[in-house]
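Got a structure for you, written out below as C-alpha cells; questions coming shortly.
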C-alpha cells in the first residue's frame, strides 16, 4: 500500500526537531545508530532530520529519511519555502505534515498531502486529538500520528495516560479511511510504551526526545524495536 | 436539529465582508432589507456583518445574525481576538469559521467548532473543495459551506461551473456526518444559481457580492428566496 | 499633536482583553467606572474593549475608546477582518496595533498605522523591547507602548523590574521620531508603578489585569490617576 | 564591517526561490556559473538556494551562500523550523530575513537578526518601502534590501520605475543606522538597472528571476557585474 519499498509497518519514526543532539554531523551519527538498530532487529526505523541535514543524512544511511514539513507549493516564487520536489530530490521518502510545532491551515494540509502524493513522498499528518485525526483521515494521507500536545516531551506516554485517545483515533480514522495507517506519539520513552501503542491498534510510533535526548539512543531504539516485535506476536 | 429557533433550512446567508455597502449604518439597512424579504417570502435569510456591527444589527432585526469569524479561545488574555461568548452576547446566533479570506489551522477549526457548540452558536465551516469539506465534516459543525475560492466574486456560480464539486461534497459530507447541513457559495448572482444549488443537494447558499453589491439587493434576495421555494417543491 | 480632542497625555489606557470582567455589559460598567475616575481626577483614561463591545461602550461613555486591533485593509473582500473605518464609525478614537497577544508582520504594522492615520484613529503600537520600539518609531505611529511580554500579567512592573528598558526605549524612540509618545505596560498594579513609569520618561501606561481583575477597579484607577498627577508635579 | 571574509560590497545576491531552474543539481550548476562570473570579474556574487540545497551548494562553490530564511529560534523543540545554527553548519554565511514571500512578525525579525548575529550569519532584511526600511534599520541588520513587491518579477526595475523609493530608503536607513548596507531589488534584468541602483546610493542588488529565468544566466551575470564595476568608477 505504501509507495516506497523502504517504508513498512510497524514503523518507528524519530523526529530530530532542532535538537542540538541531532543537528548537522550529530544528525548523521544518530541516523547511523538508527540504521544499525534497524538492521539488527529488522524493524523499520525512519529519521526526520532538519531540512539542511536531509541530503547529508540521506546519502549516509539506507533507512527511510523524512522531512519535518513541506509547504503546499510547487516550483515558482516561494522564497524561504520548503518545496516537496526539493525534499524528494534531496533523498527524503516522506514527510511530516502539521506537526503540533508547525501547524498548518486545513486547506494547506489538504494541498500538502496532494503535493506529497504527486512527487511520491509518504505523508504523515500529525493530529492533536480524535476529531482532528478523523478530519485528517478524510484527506487520505498515508499515515496519521496522533500526539496530544500536552504530553509531548513529558515522558508520560499517551498509550498509558490516555489510551482511549489512541483507540478512538484508530477507530475514527479506520471508519473514514480504512487504508490510513495510525501512529501515536508524545511521551514515549521505553519499550513498554511502544508495545502498549501497538496493542492499542497503532502500527508504529512517532518519537523525538525519548530517543534523541536519551543517554544511550542505541539502547532505547533497541528497546523500542524489540517491543515492536514482541507486540506483534 | 439546529439549536436556534430562528435558523432553519433552506437558508440564505449573506456575508457582508468589509464591503462599504454593508458597513455601519448600511449594515443595518441591508439587514432590514433582508428581514423584509424573509418575512414576505417565509424563507430563512441570515446576515453576517462585521464584528462591531453585530450588536447594532442584532438589535434592529429579527432575522438570524452570524459572526464572520470566531477565535478558538475563552475568557482571558487574548487581546484583539474574537471571543465566542462576546459574539453570542452581542446577539449573534451563529458564526462562519474558516472562510477562504480567514483560513484557520486545522486544530483551531476543531477548537472553534467546540467553542461555538459550548456557547450555543451555530457553526458554518467554509471549505474550498470536496476533500476539505469531508475533512470538516469529521469535526461535526452544524453546516459546511463549500466555495471554490477561484469562483468567489466572479459571478460564475459553482452550481453551474462545477456542479460535480457540489454533488461530491454533499455525498462526502453525508457519508461522514449525515446530520451536517451542506451549503454552497461562490459566484451566485441569481435565482437560477440558487435553484441549481438546491437541486444538487444543498440546503442553502452563502452569498456575498451577489447580494451586497447588487444594484437592488431587495430584488436579488426576493429572486433568491423564490428560487429556494421553487426548488423545494 | 494628537488628532483627537478627547485624547491627551499623560494617559492611562485600560486594555479589556477578553476578560470575563470586561465583556459585554461588564465592559460598559467598567468603562463607566473609568469615566467617573477620569472626571473626578481630570486624568485622561481610555478603554480598549473587544470589537463587538466598541459601539455599545462608545455610546455610553465620553472617555476615549480604543480598538484592541485593526487589520491593514480597506473596504472589500476581507471576511472576518477588522476594518479601520468600521471601528471608527463604531465610535473608537484609536487602536492598539501589534499587541504581544496579536503580533503583526512588519509590513502589516506599517500598513495598519497608515490606515489608522487615513481614517483618523490614534495608533498605539505595542513593542516588546527597546530595538522593536525603535523600529516601530520609524513608522511614526502616535504612541508606542513597550511591554516586556515576560512581565505581562505578573504584577511585577517593568518600571521597577527593568527600568532600563523604559529609559532606553524613551531615548531610542525620541531619537528616531521625537513626536512619538511613549507609554509603558506590563505588571502595573499600583500608583507607585505608575509614578515610576512617568518619572522614567513615559507619558502614560497601558494596563490590563491590574485594573480589570482588581477587587475594586475604581480604587485602583483613582490610585493610578493620583500617581500620574503626583509624578507630573 | 561585515563579519565574513567572503562577503564584500558591492554585492549581487541571486535568490533561487523555488524555481525549477535553480533546484537540486541545477542549483549547484547555477552556483558554479555565478562563481565563474565572480572570479572573472572580481565582483562579489552570492547565491541563496533552498534549504536542502545549501549543504551541497556550499561544498561545491567558493562564493558566499545565503539561506532564504531563518526562524528566530535556538536548539530545541521546533519541528519544521529553520535553525540558524544548522544553516551556518551547512555552509551558509548569511541569510535573507523577511522576504516579501516569507514575511515575519516585527518581534520575530528582531529576534532573527539577533540570532543571525549570535551564530555569525550576515543578515539581509527585505523591506517593501521606505518606512519599513527605516524600521528595519533600527534593528541593525547587516543589510537591508528594499523591493517594492508590486515590481517583483515584472522586469520593471525599481531603480527606474521608482528611483525615489531607492534614494529615500538609502537616506532613511543611513539616518537611523549609518553602518547598514542598502541593496535594492525587484524587476532588475540588465546591467543598466544595476548601474542605476548603484548610482542611487545602494551597494548592491538582490535579484531572482532576472538571473535564474534568463536564457543565459552567465551572460546576464557578467552584464550585471560589469555594470557594478562601471558604476563604481
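The letters A, B, C and D name the chains in turn, as written, and every chain counts its residues from 1.
Assume a contact is a pair of C-beta atoms (placed from the backbone, for glycine too) under 8 Å apart; a residue touches a chain by one contact, two chains touch by 3 or more.
Remember, it's a predicted structure, so these values are computed and weren't measured experimentally.
The chains in contact with subunit B and with subunit C alike: there are none. Traced through touching neighbours, the fewest hops from subunit A to subunit C number 2. Subunit A and subunit B have Cα centroids lying 37 Å from one another.
Computed from the mean C-alpha positions, the centre of subunit B lies at a distance of 45 Å from the centre of subunit D. Annotation for subunit C: residues 100 touch two or more other chains. Taken chain by chain, the contacts form a single closed ring in which each chain touches exactly two others. Across the interface of their complex, subunit C is touched by residues 98, 100, 103-110, 127-129, 131-132, 134-140, 172, 176 of subunit D. Residues of subunit C touching subunit B in their complex: 15, 17-20, 23-25, 50-56, 68-69, 73-83, 85-87, 89-90, 96, 99-102, 152-153, 208-209.
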